[in-house]
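Same chain, two partners: subunit A is paired with subunit B first, then with subunit C.
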Partner chain A sequence: MFYRENGQFKTSYKADQQAFAIPQDRWAIYAIVAFAFIGVPLLVDEYMFRAILVPFLILSLAALGVNILVGYCGQITLGAGASMAVGAYAAYNFLIRVDGMPALAAILLGGLVAAAAGIVFGAPSLRVRGLYLAVATLAAQFFWDWAFLRIKWFTNNASSGSVSVADISLFGWTISTPTDKYLFSLGILVVFAVMAKNLLRGNMGRQWMAIRDMDVAATVIGIRPMYSKLTAFAVSSFYLGVAGALWGFVNLGSWEPAAFSIDRSLQLLFMVIIGGMGAISGSFFGAAFIVILPIFLNQMLPLVGSLFGLEVSTALVSHVEVIIFGSLIVFFLIVEPHGIARLWATGREKLRLWPFPH
Partner chain B sequence: MAFFLETLLGGLMSGMLYSLVALGFVLIFKASGVFNFAQGAMVLFAALAMARFSEWIPDWLGMENLFVANLLAFAVAVVVMFVVAWLIERLALRYLVNQEGATLLMATLGIAYVLDGIGQTIFGSDIYKIDVGMPKDPVMMLESVFEGGILINKEDFIAALIAALLVISLSIFFQKTATGRALRAVADDHQAAQSIGIPLDRIWVIVWCVAGITALVAGIIWGSKLGVQFSLSTIALRALPVVILGGLTSVPGAIIGGLIIGVGEKLSEVYLGPYVGGGIEIWFAYMLALVFLLFRPQGLFGEKIIDRV
Partner chain C sequence: MKLRKLAAAASLVAIGLSGALTTPAFAAEEQFFPLLVYRTGAYAPNGVPWANGFLDYLKLTNARGGVNGVKMIWEECETGYATDRGVECYERLKGKHGGGTAVQPLSTGITFALTEKAPVDKIPVITAGYGRSESQNGAVFGWNFPLVGTYWMGADVLVQHIAKKEGGFDKLKGKKVALVYHDSPYGKEPIALLQERAKMHGFDLSLLPVAHPGVEQKATWLQIRQNKPDYVFLWGWGVMNSTALKEAQATGYPREKMYGVWWAGAEPDVKDVGDGAKGYNALAMQHGAEPDSKVVKEILEKLHAKGQGTGPKEEVGQVLYMRGLISSMLQVEAVRVAQGRYGKGKRITGEQMRWGLENLDLDQKALDGMGLGGVMRPVKTSCLDHMGSAWARIHTWDGKKWNFTSDWYQGDEKVLRPMVMLASAKYAEEKKIKPRTPEDCKK
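Coming up: the complex of A and B.
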């Protein structure tokens, strides 16, 4: 009744080509962003920021990067964690090796280095496709895992590759409290999400989607596969690199290569597939699901156990957590193989017609 | 020269062990198009079952004979793997027919989590050992040819022998039996196979059972080498370059890919490793596979990928 677009006439090309052409959508997005910037810091306590919101924001950014590559360009990658690691360690090196380097610039430069690495390791995608490519991207993962552990220069001779960064500051604003971290990550995420939205509906995004849907046909209509595949790898790695740098600088503070291991790569791929491939909102849904579920299970299981009068050991809790996590993933894939974003889209269709049946 | 040969042989034998794990991948991918990331978890699960039952069965029955206990434990573990295979097909894969490759891959990852969790809940999460009486002491060979001879690990040798045996029996099973023919038919074309009356779900259960058995054999061999512990499930990652190098759809490819990767890994670690700081085995295998893939994108023996527009 409230959510429908009949009667809304576009009278200019500009109005027709807006990112969110339906006013309700546009206002909803504005409202969400405003709430995230103003409402959330007033309502939420510190634990929520530290344990849930900051990881959620940064991993959403990373999932967005993976989604660009996997969801929009159709190149499955299992090396996302490696791009994050490259971003994090490159940003770290810029920060400590260049005098007076602003943290934000270091983070962005880290992203650029990750993009360059992404192009190198994405090059096989020109020959190798599908699952073969997915496994081939693991090469990047294991190579960088090894490099940050063994090549001392990258980590400034730190033992076992663990490095740490003091609180960063941005134009005199020192980011130290969880609220600061939240706002900083949120700001970057919003900028990058707007960028992705525009990139994806522009020329480049359409090329990616054409390559994803059928690369031979795309080549026939004049899309250069090399250019569009490599740009997809570069942009995706840039996002991942920035996310990795944020993960290190803002969320962890001190980290070692294990923070960006293959588990991280798989986790990111989970987010994209559960959230919805080829949908920006899917990255957010997926990240929320994957970040919140383990915490939720961790809190709930002992409670459920005590309800039945059982003393649940921590080892058992962690095992049951893993079991439930795995089965929920399988369950989700069976019920909605296109992810939560599709569920959301279906809901919106329903909302459009409501309260009438047709 | 002797040292080179020693490294080479060591590489060939560890390559055989990789192919054992890779076989599991190939079998399932061929028959159902599922890239089974849970293979590593299955290896761990099978090894845990084997290790624990060989410990429990003597307790329950009150007997001492190690051989009989191992045999019984093996039988029980086979049954366990059959049940696992049946459950996976019944509860998950049946509903995921015709989904995209990436979705299926993620589903098997979910299954891997579940298997890891259940395995450790039932069987415990310490380090266990499997003792099937494999000789541990190395032997010298070719002492007449080279000075000092070549040192060969007897355990590795027997393991490679078992792997070869398994491969031969699998190929006989695939080529000569009716079930094997049905499996190959399904691998070739699901719909055509179904239209001539081959029951797809039963075939899938059988394939997962066979993969379960290869996982069990791999688990026993790796487990008796390294001990049964959680890290066993990561050997799947070691076997992945083998699979793509040989081709996702080729059983001989898994074997030859395994040998190439095994040798490449060992030689690189010995001759290249010291210059770059060591520990390069794992990514070198992937790089090696990648180089081969650049020339043959479908792997050495995989089916040629034909694009139709």
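Coming up: the complex of A and C.
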């Protein structure tokens, strides 16, 4: 009913090739984006912005980067946190060492530096695959962790190894209030998501997917594995680098290498696995699941306890939170191993037939 | 079908929750404190007693009738020592019950993150005995209060102590000191001061980082066995401390030559090692374990005897419990000072709280009155000095309890002040902060 496609004729190749070929999808996306830009700032409070929405947006961007590499090109990585760190520290150094460097330029340059680092540490993917590659990318994680902890130049000789940046500004717009931060992150995320969508439908994305599905066959039909694997590492690291710079500049304001530790890499990988590998929307679902759900549980449990007249201690809450969160991960992986995005895709297919399934 | 059932259940829960969410209006004036604590995770053994002491003093204040009748209220949030969760907790609690008065995160990482937010939210960040050392300079760090002690001051006292043991600063020349530290901003804080002191007195400083959470220290202690430093400074937290002591025992490094910071000198750190930790020294941030102090007796009598205390009764008066208690006391007293200016018996705002914290003046009489006589020395802060007191002692574990084994030391202003000014000036430049002048302070 909602998805009735009767009478929707495509009369040109252009219409057939657009990103969202079904008008309902297209309008839904427009509506969501419009709501995110206009509706959300009117509705939610500071807590939602600062503690939930901004981290969610930035980690979605990072998950998108990981998804490009893991979900689309099939190259597993445990060095996602390292790419974020490279982006953040590179952007920081551009900002403080170059006079009059605009913040946005610093963030993008940070992304480029991360892309370069990603190519270097992606090189082992030309030789090794699967779990071995995961171990090789782990090297990147430990190397950059070490570098930012030990090499003082990167942190501008800060005595405790923690760096901080002032509020950033963009064409005279100072990004300081939570709403500003939200809108800035959202703007970047939308631009990058559109870029990803188009990249993945195009030549490059198809090469990546060919490599993912069977790299020998891909080579036989004329795809250069070196070029496509390294571009996947570069693009993915670029996304991660920009996300890392945003995480430092916009979300934290001051950070230490621990913000981009191995935990972050695993968290991003889990986001992609739970959200859905090889689906852009999976990055968003995964980020929402990992960022928002624990906080939601943490706040709901005391309330649920008080319904039954129980005083729940803080320690118990966080124990139960971990238990429920863990069980939900297992639940989703059993019910739908392809991730939440696949659940949504199945639902959508059903909707297209509803109310007359054959 | 299944979906419909689920939806029905979800909506039922939602209705129930919205009922639970509405809080009754309160009559009396109340002062709200957001409590960022960690009772779970790798650092829980140390986080729990601190939180219990903190909470008990707030309860005691209420049992004493509040501050001029104003009751203390609080809400706990579990951070697990993780920075992002800590920030989330802070955001969640800061606006509740008319706004948070002050926040004490008990984590250097969270402190760094909240330092960015404090000037915007106008909620002071109290870091009694931790946090950024340069935040002592109130002109630049207007909202940070490293009351009673900073790491630079602590490290300075340790150097003074070993100099005294050796028979003077000139005897330190050529000595070897190893710093075994938690590889985080917390552990790195003392390095700057120790390097400065090493330059002054010509001792040799080696830096041995230990990765979080600190259970893997074999390599570190191998290095110590090879280098044979004359002294080891231990800048650990949680399980790292007891691991270090066990490794020292295994390596045969004399515990008498080990000195911990005040976060590495409490019962949870040595209890499991027992006799193996005998002779181990640690800084005491003024207080040590104070089971005989008057305030502890009052808490046992007014709270724990009635079953209103927090945590086990046996832990009341232990080192970290007392640390939490004193941290809590300092903020309650700041509320009292602020009320003196902005109206007795009224709720104060975060901004007024800052004034209270900057004009804290606890003399001996006041401390005696609170039952803290002999536990700590007077504290007097000002707009430019947010530390207020630079005294510390050394205490030593005898296998069963902590005993004081040194006189009082005071951090050397001649060494500390220039470092604080330099580091805070750099911060001000980075963050484009205009330092406050003495005139600004009068406002």
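By definition in this document, the second predicted complex is superposed on the first by the 348 of 358 C-alpha atoms of A that agree within 3 Å, B and C clash if a C-alpha of one lies under 4 Å from a C-alpha of the other, contacts with A are read in each partner's own complex, and residues count from 1 in each chain.
To be clear about the criterion, a contact is a pair of C-beta atoms (placed from the backbone, for glycine too) under 8 Å apart; a residue touches a chain by one contact, two chains touch by 3 or more.
Please read these numbers as outputs of a predicted model, since none were measured by experiment.
Steric overlap between subunit B and subunit C is absent once the structures are superposed on subunit A; the two fit side by side. Of the two partner chains, subunit B is the only one that A:Gly326 touches; subunit C does not reach it.
Of the two partner chains placed around the shared chain by superposition, subunit C is the only one that A:Ser306 touches, whereas subunit B remains out of contact. Within the superposed three-chain model, A:Pro23 lies out of touch with both subunit B and subunit C [touch as defined at top]. In the superposition on chain A, contact of A:Ala315 is made with both subunit B and subunit C. Of the two partner chains, subunit C is the only one touched by A:Pro55; subunit B is not. In the superposition on chain A, A:Gly347 makes contact with neither subunit B nor subunit C.
In the superposition on chain A, contact of A:Phe270 is made with subunit B only, not with subunit C. Touch counts on subunit A: comparing subunit C and subunit B, the chain ahead is B. In the superposition on chain A, A:Val220 contacts subunit B only, with no contact to subunit C. No C-alpha atom of subunit B lies closer than 5 Å to one of subunit C in the superposed arrangement. Shared contact residues of subunit A with subunit B and subunit C: 149, 315, 319. Looking at the complex, you find that subunit B touches subunit A at residues 35, 91-92, 95-96, 99-103, 105-107, 109-118, 120-121, 125, 237, 240-241, 243-244, 248, 276-280, 282-283, 286-287, 289-290, 293-294, 297-299, 305, 307, 309. If you check the complex, the residues on subunit C that touch subunit A are 13, 16-17, 20-21, 37, 39-40, 44, 76-78, 80, 83-84, 87-88, 91-92, 95, 108-109, 112-113, 115-117, 120, 132, 183-185, 188-189, 191-192, 209, 212, 423, 427, 430-432.
Against subunit B, the residues of subunit A that register as touching in their complex are 70, 76, 124, 127-132, 134-136, 138-139, 142-143, 145-146, 149-151, 214-217, 220, 262, 266, 269-270, 273-274, 277, 315-316, 319-323, 325-330, 333-334, 337. Residues of subunit A that touch subunit C in their complex: 46-47, 50-52, 55, 96, 149, 156, 159-162, 164-166, 176, 252-256, 258-259, 295, 298-300, 303-304, 306-307, 313-315, 317-319.
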